[in-house]
Structure formats: structure tokens, C-alpha cells
Amino acid sequence: MLNVGLLGAGRIGRVHAVAVSGHVGSRLAAIGDVHAPAAEALAEGLGAEVNTPEGIIADKSIDAVLIATSTDTHSDLIEAATKAGKAVLCEKPVDLSLERALECRENAAASGQPVMVGFNRRFDPSFSAFKAKLDAGKIGKAELLTITSFDPAPPPTDYIKGSGGLFRDMTIHDFDMAKWLMGRVPETVTAMASNLVDPEIGAAGDFDTAVVTMTYADGRIAVIKNSRRAAFGYDQRIELLGSEGMLQAGNQLENSVMTSTRDGVTGAKPVLFFLERYMPAYGAEWAAFVEAVEGGGPMPVTLDDGVDALAVAEAATRSAQTGETVRL
Amino acid sequence: MLNVGLLGAGRIGRVHAVAVSGHVGSRLAAIGDVHAPAAEALAEGLGAEVNTPEGIIADKSIDAVLIATSTDTHSDLIEAATKAGKAVLCEKPVDLSLERALECRENAAASGQPVMVGFNRRFDPSFSAFKAKLDAGKIGKAELLTITSFDPAPPPTDYIKGSGGLFRDMTIHDFDMAKWLMGRVPETVTAMASNLVDPEIGAAGDFDTAVVTMTYADGRIAVIKNSRRAAFGYDQRIELLGSEGMLQAGNQLENSVMTSTRDGVTGAKPVLFFLERYMPAYGAEWAAFVEAVEGGGPMPVTLDDGVDALAVAEAATRSAQTGETVRL
Amino acid sequence: MLNVGLLGAGRIGRVHAVAVSGHVGSRLAAIGDVHAPAAEALAEGLGAEVNTPEGIIADKSIDAVLIATSTDTHSDLIEAATKAGKAVLCEKPVDLSLERALECRENAAASGQPVMVGFNRRFDPSFSAFKAKLDAGKIGKAELLTITSFDPAPPPTDYIKGSGGLFRDMTIHDFDMAKWLMGRVPETVTAMASNLVDPEIGAAGDFDTAVVTMTYADGRIAVIKNSRRAAFGYDQRIELLGSEGMLQAGNQLENSVMTSTRDGVTGAKPVLFFLERYMPAYGAEWAAFVEAVEGGGPMPVTLDDGVDALAVAEAATRSAQTGETVRL
Amino acid sequence: MLNVGLLGAGRIGRVHAVAVSGHVGSRLAAIGDVHAPAAEALAEGLGAEVNTPEGIIADKSIDAVLIATSTDTHSDLIEAATKAGKAVLCEKPVDLSLERALECRENAAASGQPVMVGFNRRFDPSFSAFKAKLDAGKIGKAELLTITSFDPAPPPTDYIKGSGGLFRDMTIHDFDMAKWLMGRVPETVTAMASNLVDPEIGAAGDFDTAVVTMTYADGRIAVIKNSRRAAFGYDQRIELLGSEGMLQAGNQLENSVMTSTRDGVTGAKPVLFFLERYMPAYGAEWAAFVEAVEGGGPMPVTLDDGVDALAVAEAATRSAQTGETVRL
């Protein structure tokens, strides 16, 4: 039984708390948040104790720490927890600064403790079935990847300002998916980005619509399409053309009802947002973490993955700002 | 080159005329209609000559006759044309009277001439692919068949009055599909029928909504669902559960556009009616007829098939009227 | 907070236990099973106490009882629990005997306690969206209903022997769906049933493949198609033709991946069986029960519904055995 | 009645010949080909006379000329035919040289004769329905366009050598679609291109896999994805994200059959290639030409459109070769 301390009791912390509680091999022992009442409210319903983040890290009975705090604390908490001998699952991104993320990776490695980065999409049932078919050779050699990732609506401008920008905040998931599916980081990154959705996003120096094209040393190509607005819901699709066929993974729809009238045949929209779409993924992610910690195997998503995605995000940001292709 | 005479220059006659003209192995030599101007209008654009139906049947240069006249003339024309040594393709049904159809079959057989009945749906690209997969064993043994057949809107009441009723006019196609797919005629026929769409149809003594259940000697079951009204278009589907899987054939849609908005994801309706849906089927039907005539092989749809479908239609009519299951 | 006692710690009891625990307004206080170790195993992980079924019914601190025991105990437990002043949610069917179910309904009514019958499919997200669209008039007046309900594989013959037969065990869900969607019980029931899947089922005097046609006083028609075997998974679909259009609810698929190769375009199968398909429905069912108990409103599924479905199942059984249409 | 001369009796010439013959308002009067036997073979079955291309252009009885010859003759024939007072429909591209195309446009304009360029995809039923929905405001303002265009298999290397390269030969259709849907030519063109499919294509100095990103003056973005190989067939799709929703147009499938087995649910592939997919489009294209010529209205696709697509193709070629974004 893995004794787990959860750091961060916000929206995403709650999701993780349910996953930890629901897993037969882990126990949610303690919850810590800089805003104590949030930790208390969450702990009460789940039979966990409340502690400070520092107290949880210092607690010898805690085996693993799940970091779901604000991004600017990730690196520090990874370092502190691994130094204290905990296994760590940390939400993405590792840091907004690539330099700091590299330093964190070095320090965590020195501790010898396992660290997993929370790229939850790898655990989405459709995306993992997609990957399994690719690995099984169903479409031969992967050649041309397309990732579509549209949010239903832009976040508040205040969120945008602290987000590190579109590529570090939103596209970073897609950069990780691309690495996972193409098996390596790209050689070149070219980003075209605009401000079409919300002028306040532009005023904050960020983009809301983008196309990133990546080329690989062996000539393969990947395209990522992002928008902060899709009126019909959360749109998360992957398509991969291979030498022997094509794989596509689509959205999860609200329901399966089709209505046929003289106006056409209408079905349901995709589910609204990431908590609904990726709820099963958070559970599977946690199960994979527990299995790796207990079995001593390699982490399914590593700090290297976190650093690589961040490096591509930096390159994309620079490309969008300069209009030049960036070579990694 | 097959020299063809077309009898009947109405709506369905025009469809056949285009199929005959477009086939490289047949020539539309002559067109006859009791209403001569209809024959003339059609012949002009296609380079065919105009003659009376009798004249066409008497014409030694005509190899094959395509009968697309009104139903009450089918049996007489089949007999006359086969007696005159022509190969015949006749529109369904053979006759509204089963007794007369049986007599016609006998007389045609005596002539030794090949006769094909125009159950065009067997030649629909989706239905023929369906049949090919069934025959290839893709779903094991066929067990439970469902045929959905909804017209977009009811025909004029005058048409209804001379149609022989829902089962002889509309369901007859489905009875043939069932025989084709199940490989034999049913043992019992049970029809539930109502008048829900148009009170005038009820006043004319006919039904507009029906479910026919058929059982086979080996325990298999088939269901046919009919309605004279589907607001969204012409709905023609088949589904067959087998011991190893299921086959489904769907509609042909107006186009492939999907529109995603906050109201849902909307696609196109099925094409409106049988001429649009089955146009490719009429061409394939004619090609199969020419091939069988030229090659001397068996007709792909025979007078036996026409008689069998009519016999089931009579049974269904009796069942709907009495509320009793009818044993064939 | 509703204090809940669960009777029955088998497969379906476990599903309900998770739903009760996961609901913010209910607490799983006690679990009872004639096989005590089953209750203990389930209670341990959920913080519930173990008691006998009788003890739970006698416990004044228990507000509501959830009956998930074997079918032959349902009526007795409903009567005992309501007499003891509990609200009751009982798994379907109420009883295998219509006479006993009627008696149970009378006794429960005398107690004044609310009783809900567990027709969980009404709470499936797709089926409830289907019903909402129907009620909103999206397809005008309902005319022709089709329910497809295929199990992936037949149950063990021992289960079949105690099941009351195909119509009371499996179709009873579909009879309830039909009542829910058509708004009333049918006037006639005609069942065609065969033994095609497993000879042992036939040897046990039961059917494994059936088509039930039901007609309503106002001429509308419903068809239910059942099979104990669908090689591709659990197939649960509804289709309803109305005067202004058609509604269809489909299956929940394992994932959204499509693989395009020279062999075609292949997607995932439906999820395997009812626990996967209807897991969200069990949660929504429980939430509806709690809301009705706490709010004092009518039960969303009543003992009348349970009795009606059973009456139709009896009629279908008689029809299949005699080959006659049965009038209710 | 429009008297039409067809120049070019190759594969695409035959397609056009059938469209001209099948149109009630046009007559295929003459066919010319530098290889006379090809013209003779085609003319025989369609009742047209055979002439030289020059003879057809000089023939006063010919109202319109359809140019379906090899690309290197397009400009010369457009100039000759318009000078001779004919209306012209010319297959794409206008020329492989942008300079020559501009000159041709000038000369044709001086003649005052109407010239239409054969971008047939605008007339595909799905693409034209897509455009109509866009123009009707169904998705608000267009923001992010994706065109997927994969051939089933690469053409012979000899064809590649004379094709002008991937962008002028294949992508040129997509450049026209982008102009048609986005309403203008892009401001920047960035092409990433590789040789992944066939080494001979690379040896011939061409690409077989490419992603072209285009930005517009108002910040909108378009992406075109090309491959010379899709094992599953001809893949032609469009997707457009707008401020209020998304439009998608898909492929035309071989048939509508779905096979459900324990291996999944398999449907048909897209039809194999452009003649099957775009056959209805060729007919609609010709009808639009006849209507514009007879009605004196503007050509639905102009030489300006042909020149614009060629200019973007040149830019894409330069971008792919240099690795730089090209500004138009």
C-alpha cells in the first residue's frame, strides 16, 4: 500500500485525490495546500489528514508525493520531495523556465528517486489504443502526424498572463504527444501564430490560434493545430499517416443519440472540457505511476519528457515571435 | 450487341433507357408507350426509334425487351415477348394476382426464353457488398435479419388505390431482399399494420406503417419495418446478426459535410428517394441482365423470385387483415 | 444524509455499493448478505458495517434499503423493508411471478413507503438524452419503436434455469424501455422465439433469439429484437420513427480509434457488457432515488412499472410458446 | 445548344467527353488529338466527328473548346481558341511557368472571350455544400483551414519529371481550394517537404510528402497536408474552424456496409482515385461552364484563379527548397 501526500487542493488536485483514493494499491494519507481551508474541505470527504506541504514532505510515513500546486512551485517541490526520499508525480509543466527545469532534472536524478511528469493524455483510452496500434505496426512506418487541440473557450486573461504563453501552457501537451508518437524530438520547429479569438490575449502578448510544423531528422513531419476557441466543445484529435495506412483518434461525445429530421442528422458534441474528456486518463495515469513505483520499473513519463516538451515549447515561442524556423 | 426495345416511357422507363444507352453491349433500338408522345420525347434524345409495344414485340431485329409499363400489363407483355423469342427484363411486381403470376411463369417457361424480374435493390453497391460479405462467411451463420424501408412521403391516394396495397407495392422489395439474404422463403408471416401517416390511405383500405415478422423452418427470424413517411428522406437499411458478427448496410447521404456548433454535430440526410439512391443499381441490374443473356447463364433474378415475393406479400396482407400468423 | 443498508454483496451489489458511497448525499452504513464473507469483503474497503439482512431492516438508523439479492427474495424483502419504514430501491425484476408481484405492490403501497424498481437503463446518458429529445417534440409523434438488445454471450445454463426465461430475464428491460418511451403498455404482444445460439438453452426449455412485436391501442407499433449472442460485444440500441423525424441511440465504444488500411476502415467494438456500458447509469439511478426520497417527490421508476414489465414478459412468454398473439 | 470541340482524347478527355454528351444544353461536335486514333476511338461511341486541334479551333460552327491536352500546350491553345472567338474550359494548370500563364491571361483578356480553368473540386457535391454553409455563416468567421489531400499511390517517375513538381501538380488544387474558401491569396507560404514514399521521386528532384502553412494578412492560417501515398485510397478532406463552429467535408466511401466482429467494426475505404471521387464534380463543372457561357455571366473559375494558384505553387516550391518562408 502506497501512502500518498497530495500537494495542492485546487481543481486538478481534486481530480488526483479521487484517483488516489479509488486505487486499491494507494492510500491518500495527507493533503497540503498553501490555502489550508482548501486542503481541509477536500480531506474531510476522503478521510485524509491535513498538513502543510513542508510537513508532508518531511513526514517519514509518506511514500509518494503528488504535486498539483501552481506551476512556479513545481521545480522546488520536486527537488524537496525527491531529496526527502519520496517518489513523485508532478503535474505538467516542470517549470516555465527551461534552464530551471534542467537544473531540477539534475537534482532529482541525484536523489535517485523516481519522478513522473503528468502528461495525462498518454493515458487517455483512445490515445493509448492509438499508440498500441502504431507500435503493433498496423500502419507501417509513421510519416505525417497531425494533432488537433482546440479548447472550448479561452481562459481568463489573468491566467494567460502567468501561463508562459500558448506554447508552454497548451501546446506543451501536444509536444509531448508528438514525441511519444514520433519517438523523438523534432529537428526544426516552425510556428505560425495569431490573435483571432480574444483581443485581450493579444494585448497580453500571447497568441490564441497557432499552427506548429515540426520536421524530424529522417524527413517525417508533424503538424499541431491549436485554438483557444471551439464553439462545439473540447476538440482533441490525432491523425497519423503511415506507409501502410492511417490511424485516427477522435473525441468523446456527450452521448450517442442521433436525431434525423428534414434539417439533417444531428449528433452530440464532444464533451465540454478536459476534466470530462480526460477523467479516465487521470485514473490510468495514477495506476501506471503506482505500478512503476511498486515494481521498480521505469517511470512511464520522465523528467526528460517534461524537459523535452518544454524545450520544443520555447522553440515554438521563439519561432512565432520571429517568423523564423528554429532548429533544436 | 443486344438490340433492345423499351416498353413504357414513364419515369422508371426513362431510368432504364439511360442504363441501356450507357451500356457498351446494348443498343436502345426502339421505345413504345401506349401514350406515343412520351415515347417520342424520350426516343429523340437517345437516337431510338418509336414503335407501338406490339410492333416492338413483333420486330425480329429486337433481341430483348425491357418492360417498364403499368403493373397490370406485366404478365401479358412477358408472355407475348417470350413467345416472340425475346429475352425479357420486367419491372416488379410480376402481377398483383399471385394466380396470374404463376400462370405467366408457366407460359414464360414454356417459351424457353430468359426472364429477369427487376428487383433492382439486389444491385445496389452497398447491398451487393453486404451479400458478398455474408456469402464469404464474415458473420458466420445468418440468424436475425432486419430490413428498414421507409419512404420519404406517401404517394397520392390514387396511386395507393391501384397499388395492390402496402405489402404488394412497397414491402415486395423487402420480401425479395429477405429471400435473397436468408436463401429461402419463410415458413410463417405475421404482419402488424396501421394507418398512422395519412387518413386517406386508411380510407382507401390500405396501411402506411407496418412490421412484418417472418420465421424460417430452421428457426431463423426476419423483421421488416415499413413506413410511408420519413421526414428526413429515403431510409433503406439492412442489418443481419450472425453467429460470428453483424452486417449493416446504411443509406447514401446527400454529401459528407459535418457542421459542428454549440447545437451539436450535424451531417447530411439520406438522398431523397429511390431514383437518387438506386440509380447505380439500375445500371448494375442492366449490366447483369446483358451478361446473363449474352453468356447464356442463369438470370440473376428469376420469375420464381418474382412469384415468391408476391406469395409472401399476399400472406402478409392476409395476416395484417386478420391479425393471424399465416403459414406459407 | 441518507443512511443506506445494502442487501446483497454479489456482482450487482458491488456496483450499487460504489454508487452509494460516491454520492454526496448518502452514506453506505451497512451491508448484509446470506453469505456473510461476501458482505465482509465488500464492507471493509468502503467503511461500512456488516449485519444480517434482517438486522439491517430492523435497524432504526437505516433510512433506505437497496435490495440486490437473488430474484426470489425481492418481494419478501420489499415487503419487510417498507413495513419497517424504509425507502427501497430494488433490483429488477420484482418477482418471477406476476401474482406475487401484484401482492407485493399492494403491501408496499399499504406501508406508504416509497419503492423504486432498478430499471437502470432509463438512466443511461444516451437513453435519457433520447427521451428528453422525444419529450421535447424533436420527432413529432412517436410511431414505430425498435429496441435492439443483444448480449455478448449466453449465460451458464444453470443461470438460465432459474431466470424465468428470456422474456422475464432479459427482455424485461426492453419492455420497460418500451413503456417509458411509448408512454403506456401495449395492447397486443406477439413473440417469435428460437433456439439458435446454444442447444443447452433449448434443452432447458428456453429461447435465445427472439423478436417481440407489440401494438398499441392507437395503432403505434414497437419491435424488440433479442439475442443471447453478439460476437462483437454488448449491443444496446434504440430507434424511434416519429411523424417529424427519427431518434437513434447507439452503443458506447471501447475507444474512438479508426484504422484505415487497404482492408477498410476499422473502429472499436461496443464495450463488452452491461457493467461497462451502464456504470454511469447506476450512478445516475442512485442519484435520482436519493433526490426523490429526500424531496418527497414521486419515484422515477415505480412498482407499477415493475409489474407492467412483468405482465408483458408473461404475455410474450405465452405468445412464444403458443404461436398466438396475446392481448393484454 | 452549345457546339463543343474537345481537344485531347486521353483519360481526362474521356471524362469530359461524357460530361459534354450528357448535358442537355451542349453537343460534343468534334474531338481532336495529336494522336488521331485516340480521338477516333472516343468519337465513335459518342457520335462526334474527328478533326485536328487546329481544325477544331478554325471551325466556325464550334462555339466552345474544352482543352484537355498535355499541360505544355494549355497556354497556346487558350490563346488560339480565344483569338478564334471560342469560349474555353481548360484543364488545370494554366501553365507550369507563372510568367507564361500571366501572358496567356493577358492575351485571353484581350480577346474578350470567357475562359474557365478546370478546378473541378469546387464542384464536388460535398465541397460545394461546405462552401455554401460557410457562406451562409454557419460557423461564423473562418479562422483555421486544413486541407488533407493524399493520393493512393505515387505516379510513374516519368510523369513526375514533367509535372512541375508536387506543388504545381498536386497541391495546386489545394491552393485553389484555399483561395476559394479563405477568399484571397495568402501573405506568406511556408512549405516543409520530404521524400518518404518513393526514392525515385527524390532522385527526380521532387517531394512526395509535404505540409504547407499559409498565413493571411488578417491573421488567419491555412494548412495543406499532402502525400503521394495513402494505402487505404484517395483521401480528400477539408476542415475549417470558425469563430462559431467547424465545418468538415469527408471522403466518398466505396459502400455503406459495416461489419462488426470480435476484431472491431469495419467499414469501406474511400473510393480509389480522382475519377471515381470527382466524377459528379466533372459533370457539375461542365454544367456551370455552359450556364455561364449561355447566360453571359462571370466564369465560376477564372484565369485569375489559375494564375493565383500557380503563384502560390511557385512560392511553396521555393520555400521547400530553401527552408525559408516566402512572402507573396
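Going in written order, the chains are labelled A, B, C and D, and every chain counts its residues from 1.
As a working rule, contacts are C-beta pairs under 8 Å (C-beta built on N, C-alpha and C of every residue); 3 or more make two chains touch, one makes a residue touch a chain.
All values reported here derive from a predicted model rather than from experimental measurement.
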item: Chain A to chain C, fewest steps along touching chains; value: 1
item: Greatest separation from chain D - chain, by CA centre; value: C
item: Chain pair with the higher count of C-beta pairs in contact (C-D, B-D); value: B-D
item: Between chain B and chain D, centroid-to-centroid distance (C-alpha), Å; value: 39
item: Computed distance of Cα centres, chain D from chain C, in Å; value: 57
item: Of all residues in chain B, the ones touching two or more other chains; value: 139, 230-232, 244-246, 260-262, 268
item: Contacting residues of chain C [partner chain B, same complex]; value: 139-140, 143-144, 146, 150, 188, 190, 192, 194-197, 209-211, 213, 215, 219-221, 223, 225, 227, 229-232, 235, 241, 243-246, 323-325
item: Chain A-facing residues of chain C, complex; value: 24, 45, 47, 125-126, 129-130, 133, 138-139, 244-252, 254-262, 268
item: Touching residues on chain B, where the partner in the complex is chain A; value: 230-232, 253, 260-269
